[in-house]
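Two complexes, one shared chain (subunit A), two partners (subunit B, subunit C).
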Partner chain A sequence: MIETLMMYLQYPFVRYAIIVGVLIALCSSLLGVTLVLKRFSFIGDGLSHVAFGAMAIASVVNLTNKMVLVLPITVISAVLLLRTGQNTRIKGDAAIAMISVGALAFGYLIMNLFSTSSNLSGDVCSTLFGSTSILTLTSKEVWICTVLSVVVVIVFVLFYHKIFAVTFDETFAKATGVNANAYNLLIAIVIAVIIVLAMNLVGSLLISALVIFPALSAMRLFKNFRQVTVASAVISVICALLGLVVSIWQGTPVGSTIVAADVAAFGICYLAGRLQGR
Partner chain B sequence: MSYIIAKDLRVGYEGKMIADAMNFVVNKGDYLCIVGENGSGKSTLMKTLLHLQEPVSGELIVGDGLKANEIGYLPQQTLVQRDFPASVREIVLSGCQSRCGLRPFYNREEKTLAAENMERMGITALADRCYRELSGGQQQRVLLARALCATQKVLLLDEPVSGLDPKVTIEMYELIDKLNRDGITIIMISHDIAAAVRYASHILHVGATVFFGNTEEYAESDIGKFFLRQEGGEER
Partner chain C sequence: MTGTKRIMKKAVCVLLCAGMMAVTAGCGNNPDGAGAANRSAGKTAGVEEVLQAGIEKNNAGGAENPDGTEQTTGGESASRAEDTGKAADITAAKMDPALTPDVDLTKLSSTMVYSEVFNMMSKPDDYLGKTVKMDGQYTVYHDDITGADYYACIIQDATACCAQGIEFILKEDYAYPDDYPQEGEEIVVVGVYDTYMEGEYQYCTLRDAVLVD
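The block that comes next holds the complex of A and B.
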């Protein structure tokens, strides 16, 4: 097994996949804790479907750099969705469900009507499940991904205490003069960036798993916010590495293998938590 | 000049007012209890006092060196907090957040302040415990310590004893009373009119008829007599 791995590691695309995989896993897990606690577990799902729709439009109009279209559309949707928490007619979960399935349907429709590709179902499948795209990254994409990931991590560290305050008790934060709306906006934008990045790794159907599983696993084991955040990052990175290695070694689809590893990790953490008597 | 002056203040949602116009003042060192039936507009008044929403009409003037965001706040327990993985220390420190501005981390002064307030609330021993594993009374002390980190002037307490057992309820009232004697102005929303009359210096009764005055006046007023008699008749 080691020999096979070493052999594969000589190929740049395998190294790229591992770098990008680890970075995305790290970023997505950081905000997972906040999203789960704010009752926004499904926002990853909704946004990734929006990103799928945007991706479909981008490929139909033949954009060379799809990010230019996908990123802004996803960011705008994220901002709109996170605002629904307050005084809107359609409540958060319903709004997410609506946008999520709507974008999915539209994306597929557009791809079907206008696509010039000969392998339509293959295209759709790889956008939804990210089956091979992570293994076809160019060095430029790896750079974009690295830079964005580093920015996400820095933003998270710098705003960690503010994110905590806004997540734990938004009303209190607002009442004592913390600009909670600005930080909610920041959270929304960062999430959108992460989702767009993560589409390459696991595809748009499985992104939620990257966001929520590590957070939920960590919450089984630890009791304070800092430990939970760190643990969720560690769990996520380990699962991503494990999933990537197994998928390269056994030729399984990358995205679903990583998610399977996340599910397994959750199972282990759940049992460990029960054993600790919590 | 008073900390808070309300002139013909009407509160409500989307232009619809809930309660009648209110006139009241809160001075430094006061202990004001806001009482009234469910749906009488207590919570809306509270949000207005915290500047989370605008008054429908009338004026709310903040003065005497008090800034609008210097009102510390003890919320009713919300759903989010119950399963939140956070240590007591993390929560109390988050009360200092508004002091930070854009500075990303807490400084030594803020950490000391948090430690002092934990000591003051008698929860220093619980500093590393998980919030969700604490009892109701302990959780309220944590949130009080957090509010004290945000301000040393005015505390607004939203039904601080709801869900607490009788013994802890009395401890909580004594604790709040002690804070008041230490010079912190208290505004408390309460269902418990008997306790309000026992501890508060002023009463604001919100509803179809509005009463504001000191506690003796309230006990002598028609509305006060009526509600106090009702309370007395209830099994307690």
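The block that comes next holds the complex of A and C.
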């Protein structure tokens, strides 16, 4: 087994996949804790479906660089979704559900009606489930992911205390002079970027798992925000690494293998938490 | 002091966000998650695109090419073997299935095979002249307009929704159809990786290929 894995590691695309996979897992887990605590666990799913819809439009209009369209649409959606819940007619969960399924259906519809691709089902399937996108990255894309991941980590570390305040009690944070709206905007932008990047790793249908499972697993073991965040990052990175290695070694689908590892980690953490009496 | 710190943080935040947006917006040619099927339909077309286009063309009554791309301009497959192959000269000396292939796809997992074949399609220059051994499903595409037959070995990715494949041209001592496998049969083929042009598209193929057990 070790021999086989060492042979696979000689392939540049395998090394790229591991680097990018670990970085995306790290970033998504950091923000995952905040999202879970803010009761926005499903926002990753909604935004990824929005990104899918935007990508469908970009494909239909033959944009060379689809990110030019996909990223702004996803960011705007993230901002709108995170601003809901207060003084809105459609409440947060309903808004996410509405945008999520609407974007998914709209994206698939226009891809079917106007697509110029010779392999429509393959395109849709690989966008939804990730397929082997993570194993077909170029060195340029790896650098972009690396830079973005570093930026996300810096933002998180730099604004850790404010994010903490906004996460736990937004009203109190506002009362103490924290510009909660600005920090919510920052969180929304970062989440949108992570979602768009993570589509390469697990596909749009499975992104939520990267956001939710590590955070929930860590919460089974720890109660302190800092400890939960660190544990979430560690669990997420380990699961991503494990999923990637198993997927490459055994030939299983990358995205679902990583998510399966996350689910298994949650099960282990749940049992460990029960044993600790939590 | 606190005010200065706050301003500094705001400035860093704005710069990081701007940088993040700029970097992401500059993502390569195809940074979407649309997968390999989308990517491989670039300058170098894989056999899957040829086959898919053929299916679509047949569905459309064969009147016109749905992609607007010219799929076939060459003659018979035998004559395509004589095209401007860059690896043709080294073929005879190198082609021996008993030899260890330069790229042995039969030893890789399905995920790895799919990714490696994607790389062979997207970066053909890196593989020119290399002996490739692969296993997969035998498929034939017949072009009604030119009468040319295209033989290919198709592999599927782990999610089974995307297929990648490489066309091959068997050695002349293989007689069609007697020495050729049944369509859909699992085959192992060894050949020298090469590219050729048809119309404005570049295609990849395994020249002087042999079928091995």
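Note that in this section the second predicted complex is superposed on the first by the 278 of 278 C-alpha atoms of A that agree within 3 Å, B and C clash if a C-alpha of one lies under 4 Å from a C-alpha of the other, contacts with A are read in each partner's own complex, and residues count from 1 in each chain.
By definition in this document, contacts are C-beta pairs under 8 Å (C-beta built on N, C-alpha and C of every residue); 3 or more make two chains touch, one makes a residue touch a chain.
If you're wondering where the values come from, they're calculated on a predicted model, not measured in any experiment.
Novice: Could you tell me if A:Leu37 is touching subunit B, subunit C, both of them or neither one (first, second, both, neither)?
Specialist: first
Novice: Pick one for A:Tyr270: touches subunit B only (first), subunit C only (second), both, or neither.
Specialist: After superposing on A, A:Tyr270 lies clear of both subunit B and subunit C.
Novice: Does subunit B (first) or subunit C (second) touch A:Phe225, or do both, or does neither?
Specialist: first
Novice: Return the chain, subunit B or subunit C, that is in touch with more residues of subunit A.
Specialist: Result: the larger residue contact count on subunit A belongs to C.
Novice: Touch test for A:Lys174: subunit B only (first), subunit C only (second), both, or neither?
Specialist: The first partner, subunit B, only.
Novice: Quick check on the superposed pair: does A:Phe106 touch subunit B, subunit C, both, or neither? Answer first, second, both or neither.
Specialist: neither
Novice: For A:Leu158, decide between first (touching subunit B), second (touching subunit C), both and neither.
Specialist: So A:Leu158 meets both subunit B and subunit C here.
Novice: Based on the A-chain superposition described above, do subunit B and subunit C contact any of the same residues on subunit A, and if so which?
Specialist: The answer is residues 158-159 of subunit A.
Novice: If we count contacts the way the header does, which residues on subunit A are in touch with subunit C in the complex?
Specialist: Result: residues 8, 11, 13-14, 55, 58-59, 64-68, 70-71, 75, 116-119, 121-127, 129-133, 135-136, 138, 140-141, 144, 147-148, 151-152, 154-155, 158-159, 186, 189-190, 193, 196-197, 199-200, 203-204, 247-254, 256 of subunit A touch subunit C.
Novice: Which bits of subunit C are touching subunit A when the two form their complex?
Specialist: 9, 12-13, 16-17, 19-21, 23-39, 41, 48-49, 52-53, 56, 66-68, 108-116, 118-119, 122, 157-159, 161-163
Novice: Inside the complex, what are the residues of subunit B that reach subunit A?
Specialist: 50-52, 67-73, 75, 78, 80-81, 83-87, 90-91, 93-95, 97-98, 100, 104-106, 128-130, 132-133, 146-147, 150-151, 156
Novice: Inside the complex, what are the residues of subunit A that reach subunit B?
Specialist: By the definition above, subunit A touches subunit B via 33, 37-39, 157-162, 164-165, 167-169, 171-178, 219, 222-228.
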